[in-house]
Amino acid sequence: MNQVINAMRKRVCDANQSLPKHGLVKFTWGNVSEVNRELGVIVIKPSGVDYDELTPENMVVTDLDGNVLEGDLRPSSDLPTHVQLYKAWSEIGSVVHTHSTEAVGWAQAGRDIPFYGTTHADYFYGSIPCARSLTKDEVEVAYEKDTGLVIVEEFERRGLNPVEVPGIVVRNHGPFTWGKNPENAVYHSVVLEEVSKMNRFTEQINPRVEPAPQYILEKHYQRKHGPNAYYGQKK
Amino acid sequence: MNQVINAMRKRVCDANQSLPKHGLVKFTWGNVSEVNRELGVIVIKPSGVDYDELTPENMVVTDLDGNVLEGDLRPSSDLPTHVQLYKAWSEIGSVVHTHSTEAVGWAQAGRDIPFYGTTHADYFYGSIPCARSLTKDEVEVAYEKDTGLVIVEEFERRGLNPVEVPGIVVRNHGPFTWGKNPENAVYHSVVLEEVSKMNRFTEQINPRVEPAPQYILEKHYQRKHGPNAYYGQKK
Amino acid sequence: MNQVINAMRKRVCDANQSLPKHGLVKFTWGNVSEVNRELGVIVIKPSGVDYDELTPENMVVTDLDGNVLEGDLRPSSDLPTHVQLYKAWSEIGSVVHTHSTEAVGWAQAGRDIPFYGTTHADYFYGSIPCARSLTKDEVEVAYEKDTGLVIVEEFERRGLNPVEVPGIVVRNHGPFTWGKNPENAVYHSVVLEEVSKMNRFTEQINPRVEPAPQYILEKHYQRKHGPNAYYGQKK
Amino acid sequence: MNQVINAMRKRVCDANQSLPKHGLVKFTWGNVSEVNRELGVIVIKPSGVDYDELTPENMVVTDLDGNVLEGDLRPSSDLPTHVQLYKAWSEIGSVVHTHSTEAVGWAQAGRDIPFYGTTHADYFYGSIPCARSLTKDEVEVAYEKDTGLVIVEEFERRGLNPVEVPGIVVRNHGPFTWGKNPENAVYHSVVLEEVSKMNRFTEQINPRVEPAPQYILEKHYQRKHGPNAYYGQKK
């Protein structure tokens, strides 16, 4: 068990440290976690610690409800959001939260990120949703937990599959992404940020632009993720 | 006393040198100072000197009215602005002025920076004010001093607390921020610049966007700064 | 023959690795190829491999129809697009495809990139076209090949010379450029990206801007590319 | 004489190499020259040579009409523009031309860069003019020389002093700046680019913004450049 958790600590530490390298965070404004449901553990960044001070050893280990099992440091204050996503979606292995600038632009604007092209279609099967703002009660009672519940509610309401749409922006807040492992979840954060920027440019250049055809979405998503995927090397 | 001032010199030098690292300045376009009211001294960047030529030794030490006590170099020409802020607000220990691009955008536009999301709420309790332009008389008689007086006037007129709103943009000029120490004051300059950019994007993406709910402002500000703050590690 | 192909492998590897240095790609989102019609070979980046793992040795060598001749790795999935351009245009020796942000902005907006100034005129003789989106049939039957055919169709329909206009954006997708060799083709990708950005700024600053005069296009293009070119050093 | 020219070669080489460091150029898209009217020489970058291949030795030395005196390489093709500015304005010692992105945005938009704030006022005494496009005849007969004549004409028509307004954008082309020496002229290119960006942001944030008051222009320009200047250290 220790070896498995140590490997998680390493992956989570590396993924957190990749956030500033990808230009997704300032100061301590983002966190990555990984879950192992069989062992009943989550590994997450400690709260408010600089990325260059992170080590596999100072990652925080909690149970599946977010109770600290190992570590002297407090876990990221966003841990209850991660916990709700892991509980709702057994298919995902890692969650990322940042305040990356372009995605926050859409979150603050309160708009879904439309499907305009193939960069988007390669990783997100359809528009990237913007979840509603939390209510006053939700904010005051259990803010971070309720953020997770609102995300899950949004996916249920729209009938979305979190594997096919691995991210969301929460209104007045910012982006959350997920994936099968920390590297994959961070990858989706980079894509979400890049597509947010491309789409801002697109609407600036053509304010009357329409979403791209559905069959392009289908093709690009399937050539990377479908049963007959042919992008990249055989595994 | 020498040891305390030497520590101030070091902190002020480090904070000034962090400005180009954070992308907040070009050439010599920004300055940081620190005050110690008990010793009756202010330490500030010398005027027009490149950041990579700064050392703790060439920082300028003045009294609380801005008269030079130690150092052969002239202090930053903005010193009289810093002096007025220190006189008005006993709670602050450091002041920063830059011409950072995004914040200048709002200053030149003559607009308050609206509260649109949690990145903002984590550090600024409400919209970031834009102070009026100085009058012809104010500019001609005591320009830099009057800049400080106009900032203080704006806070008084709006009933704002400089600890809760640690920054402002001055119309047709640029941003000023402050904090308990130089590192903290620079931090607020970085946040102001980032929020200025996020909000420009937000209004571009949704020209009819409304400010975020007040209860989100309350929650995010208090979870970092209130009596029951739970972000980061216990001190 | 080996020496010639080895030199191609080196040039193609170098050109692919220059894409992230020029800020044109994230992850593995771009590819460069070179053709030698006498030897009947194309050399291209392997699919999905990181740029810093590329070596001349792991480039993929195919015939002029895109059938792999040398190498264990799959070629870039965009190879059939490159193949069509090489078949249609005997004047070009290299093709580049990226998802560079500014050019994708125009591709997603579905607009030609207008001729507004001399930066553009130095390398592209007239507006840079935006090709139509592929139809459902084209996408489903032979997507990458049909992308190449649509590009060639667009040039034929408009009567454009691919040597004089060394690039295009494909609607809902992104930019393709070409040139006499890999370095030259990448150069055109950098120009296309930069002009895309300049023109976005231009329309933002003056929404009613008109294209620049035709005689400026003529002069600037000819002083670099005409029979009496006088830019640069004598070759 | 050799020592003086060698010092010019060094300054011109350094200033040219600073252009990519300031983010003002891509590839070879910019050039700096210096004049010495007593010696009757101009030193300028060779045409089309990469910045990292420049040395003091490969700078080109010409007479005041642009005829090459020393050097095997062709001078920058923009030399005739520099020559005209040196002939018209005896107060300037160096000229810079680039295609920097933000300034080109205004050049292509065909608009003067308005005076909106103090960053601008510190270096440019009033709005930065946009010169008209050249006519067909001017372009075809003596393009680069006529570019210089159009710039001088614009200053005369408006009654501007090139020392007080050390730069311009030429419609459909890009920025030219000048100064007392190469370092100073490059400095003005950086300011022009930064102000171009700030002003784009400003008009985006407030489309109805008005220019800043004239007395702020007066104050800021004079505190750096007037007889009683008090910015920086005593010389």
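Things worth noting here:
The letters A, B, C and D name the chains in turn, as written, and every chain counts its residues from 1.
The working rule: contacts are C-beta pairs under 8 Å (C-beta built on N, C-alpha and C of every residue); 3 or more make two chains touch, one makes a residue touch a chain.
Each chain and its UniProt protein: A, B, C, D = L-ribulose-5-phosphate 4-epimerase.
Bear in mind the structure is a predicted one, so any value in this text is a computation, not a measurement.
Contact with chain A and chain B alike is made by no chain in this entry. Comparing the residue numbers each copy contributes, chain B and chain D share less than half of them at their mutual interface. Taking each chain's centre as the mean of its C-alpha atoms, the one that lies farthest from the centre of chain C is B. A straight line joining the Cα centres of chain B and chain C is 47 Å long. In this assembly, the C-alpha centroid of chain C lies 33 Å from the C-alpha centroid of chain D. Looking at chain A, residues 203-204 sit in touch with two or more other chains. Contact annotation for chain pairs lists A-B, A-C, B-D, C-D, with touch applied as defined. On the chain C side of its complex with chain A, the touching residues are 26-29, 46-49, 73-74, 77, 99, 101-102, 104-111, 133-134, 136, 139-140, 143, 172-174, 200, 203-204.
For chain D in complex with chain B, the residues that touch the partner chain are 116-119, 187, 190, 194, 197-199, 201-206, 209, 212-213, 215-216, 219, 223, 230-234.
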